[in-house]
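The data blocks that follow each hold one structure.
In the two assemblies presented below, chain A is common to both, partnered first by chain B and then by chain C.
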Partner chain A sequence: MTARLSAITLNTFREAIRDRILYNLVLFVLFLLASAPLFSQISIGLEKQMLVNVGLSSISLFGVIIAIFIGIGLVSKEIEKKTLYTILSRPVRRWEFIAGKYFGLLLTLAVNAALMTVGFYGALLIFIHGLKRADAMLLVAVYFILLQFMMMVALTLLFSTFSSPIFSAIFAFALFVIGTFGEDLKNFAAISQGAMKWLAMATAYIVPNFASLNVISRVVHEQNVGGNLIIFNTLYALLYSVAITAAAVLIFERRNLK
Partner chain B sequence: MHAIEIEDLSKDYAVGFWKKRLRPALKPLNLNVEAGETFGFLGPNGAGKTTTLKLLMGIIFPTSGSAKILGKDCLDPEVKQKIGFLPEQPYFYDYLSAPELLDYYGRLSGMSATERKERIVKLLDRVGLSDVGSKHLRKFSKGMLQRVGIAQAIIHDPQVVFLDEPMSGLDPVGRYEVRELIQALKDEGKTIFFSTHILSDAEALCDRVAVIHKGELRGVGVVNDFRSSIAEQTEVIWLSAGALAAVTNLLTDTHVTGDTVRGTVKSADLDRLLEKLRQQGARLISVTPIHRTLEDYFMSKTREETKETVSL
Partner chain C sequence: MNTRGKVTVICSVLLAVLFAGSIMLRQQVEKVRGTQATLEDTLYLPSSKTLRRMSLGYSSLLGDIYWTRAVQYFGDRHLRGARNYELLYPLLDITTDLDPHLIVSYETGSIFLSQRSPEGAGQPDKAVTLVEKGIRENPEYWRLYFTLGFIHYMDRHDFKAAQQAFEKGSEIHGALPWMKVMAARMAEKGDDPGTATYLWKTIYDTTADKSIKESAAKHLISLRADLDMDELEKRAQAYHERFKAFPETWQDLVRAGLLRGIPIDPNGTPYKLGPAGTVQAEDPKQFPYLERHVAK
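This part shows the complex of A and B:
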C-alpha cells in the first residue's frame, strides 16, 4: 500500500514540477522586487508591515491559485486522457489513487510555500536589514497557510471526482471566497432571523473557515498567536480535509469511468 | 480452470436528459478463454469490445453478471497483480521518459527496486526502445508509444495480457512490430485477450475468436477451422469460352475475359464440371478450392440480426 501511495504522490509532484509550476516563484520574487520602491517611500515602521502583509498574502494567494488550477484536473484529467485505465488495471485501490493525488499536490504546495518563505525572509533581510526573535511568529502564519492548502486541495480534489475542470474551478474559487469571509457569515447569522439565520449558520459551518486560519494581520502587528489556536486550527483543518477527501473517495469508488 | 470466465456480464448506460432511459452497451455475455490461448475479440466500432475490457479491468462496473480471471473475481487486487492491460490509443504521462514510466508502473505493481531496474532494461530492449534514453514521451511517435504501452502492460510479467485494439492507428511498420511483440508473448505461453476490428491481425495471431456486434456475442470460432475446413466451393479457370454453354448449369459464378473463363462451382459438382470440360476439349489452367475465411465468418455473424445459440 505504502509503495503504491508514495508512487502516485511522487508522480503527481513530478508532474507539477515538470509542468513548470515552480516558475510562479520567479513571479513571486519579481512581485516583491517590484513592490520595493513602494516600501522605501513608506515610513520605517510601516515598511515592514507592508512587506509582511504583501509577502504572506502572496504565499497564500499563489498557493491557492496553484491548488485550484492543478487540483481541478487531478482526477478529471486522468479520466479524460485515460491514464487512469492503466492504473486501475493494477493492484491499486481507488482510495489509494485519491490519497496519492492529495498528498502529491499538497507536497507540491508545501515545497512551493517553503521556497517562497525562504524568499520572503530574504526580502526581510534585504529591505528591513535584519530579523528579530518576534519574526519567528511569521512561521505560524505560514503554517496556517499550509493548513489552508490542506483544505483547498481536498476541496478541489472532491470537485475533480465528479465535475468538469471549469465547474470545479468555479466551485473551488467560490468556496475559497466564502470561506475567507466565514466570520462575516457567522456575524450575519447572529443578526438574522428565522430560516435565513439557520441557512447562514449552516453555510458558515459547512464552508471551510479560512478566516480563522488567517493570522496575517496579527503577525503584521507582532501580536502573539496562542497555542490553543494552533491546536484548534490544526485539528479543524485535519478533520475538514479528511472528511472532504473521504467524500471524494466515496464518489470515486462508485464512479463508472467512461 | 479457465484463464478468463465471463458469466452473464452486462452493462447498461442511463442516457437522456433525465437519465431514465437505459441503453445496453453489453448484453449478457458468456465467454471462457483457456490458459495459454490467444483470443481475439472481434467486432465493428461500437460493438461493445472496449466496454467488455473496461468491465474486466474494473474501470466501469457491471449492471449484472460477473467475471473471473485465473479463478478469482476480476476486481481482486491479487488478480490484478497477474494481469496486464493496454488501453485503446493509450496516452501516457508525456512528461516522463520511457524508463520513468515503466518504473512508475512497476512500483504500482509491487515490484522491488532491483526487479524494476533489471526488467526495465530488458523490456526496453525487447520493444526496441533501448536507445531512447531520457527522451520524454511527448516526443515519441505513435508506434513508439504503442510499444511503450505494451512494455507497461508486461512490466510485471503478468500471466494474462489484455490488449484493446493494439494495432489501431499504426502504420504498416508499426503494426508489424506490435504483431511481432504479441507473437512473442504468445510463444512465451501467456494468455492473450485482444480486441480488434482488423481481421488479418486476428487471423495471424489468434487461436480462437469471438464476434461481438451491437453489444451481443454473435459467435465463437477456432481460427484453424477456417483454414483447414473442407472447401464448399472451387474456382476453376480454363481456356475455351466455347465450352461455357455446356457447363453453365453447374456454375454458381462466371467471369469471361477473352477466351479465358473463370467459374465457381460447388465442390460436389467439381468432377462433373471437369469431365464436361474435357469432353469439350477445353484446356484447364487451374483448380483452386475456396476456403471460408475469418472475414466470411465475421461478416456472416455481424449481418445476423437475431441471436443464435452459441456453443463455447
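This part shows the complex of A and C:
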C-alpha cells in the first residue's frame, strides 16, 4: 500500500513539475526584487513591513492559485486522458488514488513554498541588511500558510471528484474567499436572529476557517503567536483536511467510471 | 462486506467524527484568538488608502464588511458593559474611507461614539470628526447636520455650535422645517429640558437602529422623570412656605391639596420623598440619564 501511495504521490509531483509549475518562483523573485526598492521610495520606515507583507501574501496567494488550478484537474484530467483506467486496472484502490493525488499536490505546494521562503529570507537579507531573532516568527506564518494549503488541496480534490474543472475552480475559489471572511460570517450569525442565525452559524462552521490561519499582520509587527494557537490550528487543519478527503473518497468510490 | 463497502463505512465514520472534531477545535481556536482577533488586526493596517487599493475596486463591498465589524464590535463591547471602545473610531474611519457614502455609518456610528458610557464610547469629539467627514463627502444630505447639531447639544453642551449646525442644515434643499425651529431654540433656550426632549423624540422617531431607539427611549423617560421630580420639589417647597415644615409623606401634600395622589415615575413606581423636600426615584438604575436628581 505504501509503495502504491508513494508512486502516485511522486507521479503527481513530477507531473506538476513537468507542467512548469515552479516557473512561478521566477515571477515571485522578480516581484520581490521589483517591489522592495519601490517600497523604500514610497513608504518611509515601512520598507520591512511592506516587504514582509508582500512576501508572505505572495507565498499564500501563489500557493492557493496553484492548489486550485492543479487540484481541479487531478481527477477529471485522468478521466479525460483515460489514464485513470490504466491506473485502476492495476492493483490500486480508488482511495489510494485519491490519497496519492492529495499528497502529491501537497508535496508540490510544500516544495514551492519552501523555495519561496528561501527567496523571501534572501530578499530580507539583501534589502533590510540582516535578520533578527524575531524574524524566526515569520516561519510560523509560513507554517500556517502550509496548513491553509492542506485544506485547499482537500477542497479542490473534493470538487474534482464530481464536478467539471471550471465549476470546481469556481467552488474552490468561492470557498477560499468565504473562508477568509469566516469570522465575519460568525459575527454576522451572532447579531442575526431566528433561522438566519442558525443558517449563518452552520455555514460558518462548514466552511474552512482561513482567518485564524492568517497571522501575517501579527508577525509583521513582531507580535507573538501563542503555542496553543499553533497546536489547535494544526489539529483543526489536519482534521478538516482528512474529513474533506474522506468525503472525496466517498464520492469517488461511488462514481461510475464506465 | 467487500473492500468498497469497508472503505465507504470507514470514510463515512471518518467524515462524521473528524468533521465534528474540527468544529470543536475551531471553537478552541476562537477561544485562544479571542472574539476580537480579526478586528484587532485592523489596527495594523498601514492606511485605509492601501486597503482601498487592495480591494480591487470592491471598496464599497469591503466598506459594508467593515461596517458590520464596527456594529459587531460595538454590540459585543456594549453587551459586556465595557467602558473602553478603542477600536470603534478606527473601524468607522476605515469604513467611511472605503465607502464615503455609507450614510448609516456616519449617523449611527457617531451616536455610538458620542453617547456617554455605558451606552456609548463617550468620545463626542471623535463623533464630531466623523460626522464632519460625512458632511464633506455628502454635502447634500441635510440629516447629517441634524446629527452634528444633536452631538454638539447633547454630549458637548456647545449650544452655539449646535445652532450653527442646525442652521446650515436647514439651508439645504429638502431639509424639513423643524431644522430652522431647532436652530432658533438653540439660540433662545439651549439649556431648556424641553429642547432635549424634542431632540430625543426626533431621534426615537427617525432612527432605524434598535439599540439607538432603546437608548432614546431611556433618555426620554430620564428627562421625563427629571421634570417630574423638579415639579414635585417645587410643591414640597410650597408646602414648606405654607406650614414652615417639609412634608414627611406624600399624604401630607395630598391633604394640603398640593397633589392629587401618590406621584409615580414613568415606570409606574412611586417617587421617594426625602428630607428637606428632596425627591428621588425609587430605583435610579431605571433612569440612567438623570441630570439633576442623581442618587448620591
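The working rule: the second predicted complex is superposed on the first by the 253 of 258 C-alpha atoms of A that agree within 3 Å, B and C clash if a C-alpha of one lies under 4 Å from a C-alpha of the other, contacts with A are read in each partner's own complex, and residues count from 1 in each chain.
Keep this in mind: a contact is a pair of C-beta atoms (placed from the backbone, for glycine too) under 8 Å apart; a residue touches a chain by one contact, two chains touch by 3 or more.
Just so you know, these numbers come straight off a predicted model, no measurement behind them.
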Combined model on chain A: chain C and chain B, fit or clash: fit
Chain B versus chain C as contact partner of A:Ala3, first or second or both or neither: first
Chain B versus chain C as contact partner of A:Arg93, first or second or both or neither: both
Partner chain(s) touched by A:Tyr240 [first = chain B, second = chain C, both, neither]: second
Partner chain(s) touched by A:Glu15 [first = chain B, second = chain C, both, neither]: first
Of chain B and chain C, the chain that contacts the larger number of chain A residues: C
Angle at the Cα centre of chain A, taken between the Cα centres of chain B and chain C once the superposition is applied, in steps of 10 degrees: 140
Partner chain(s) touched by A:Lys82 [first = chain B, second = chain C, both, neither]: first
After fitting on chain A: smallest Cα gap, chain B-chain C, Å: 8
Where chain A meets both chain C and chain B, residue numbers: 93, 254
Chain A contact footprint on chain B (complex, rising order): 13, 54, 57-61, 77-78, 80-81, 83-87, 90-93, 95-96, 104-105, 107-110, 152-153, 162
Chain A residues within the chain C interface of the complex: 43, 46, 49-50, 93-95, 181, 183-184, 186-188, 190-191, 205, 209, 211-212, 217-218, 220-221, 226, 228-229, 232-233, 235-236, 239-240, 242-243, 246-247, 249-250, 253-254
Contact set on chain C toward chain A in their complex: 3-4, 7-8, 11-12, 14-15, 18-19, 21-23, 25-26, 28-30, 32-33, 37-38, 41, 44-46, 65, 68-69, 71-72, 75-76
List of chain A residues in touch with chain B within their complex: 3-4, 6-8, 11, 14-15, 18-19, 81-93, 254, 256-258
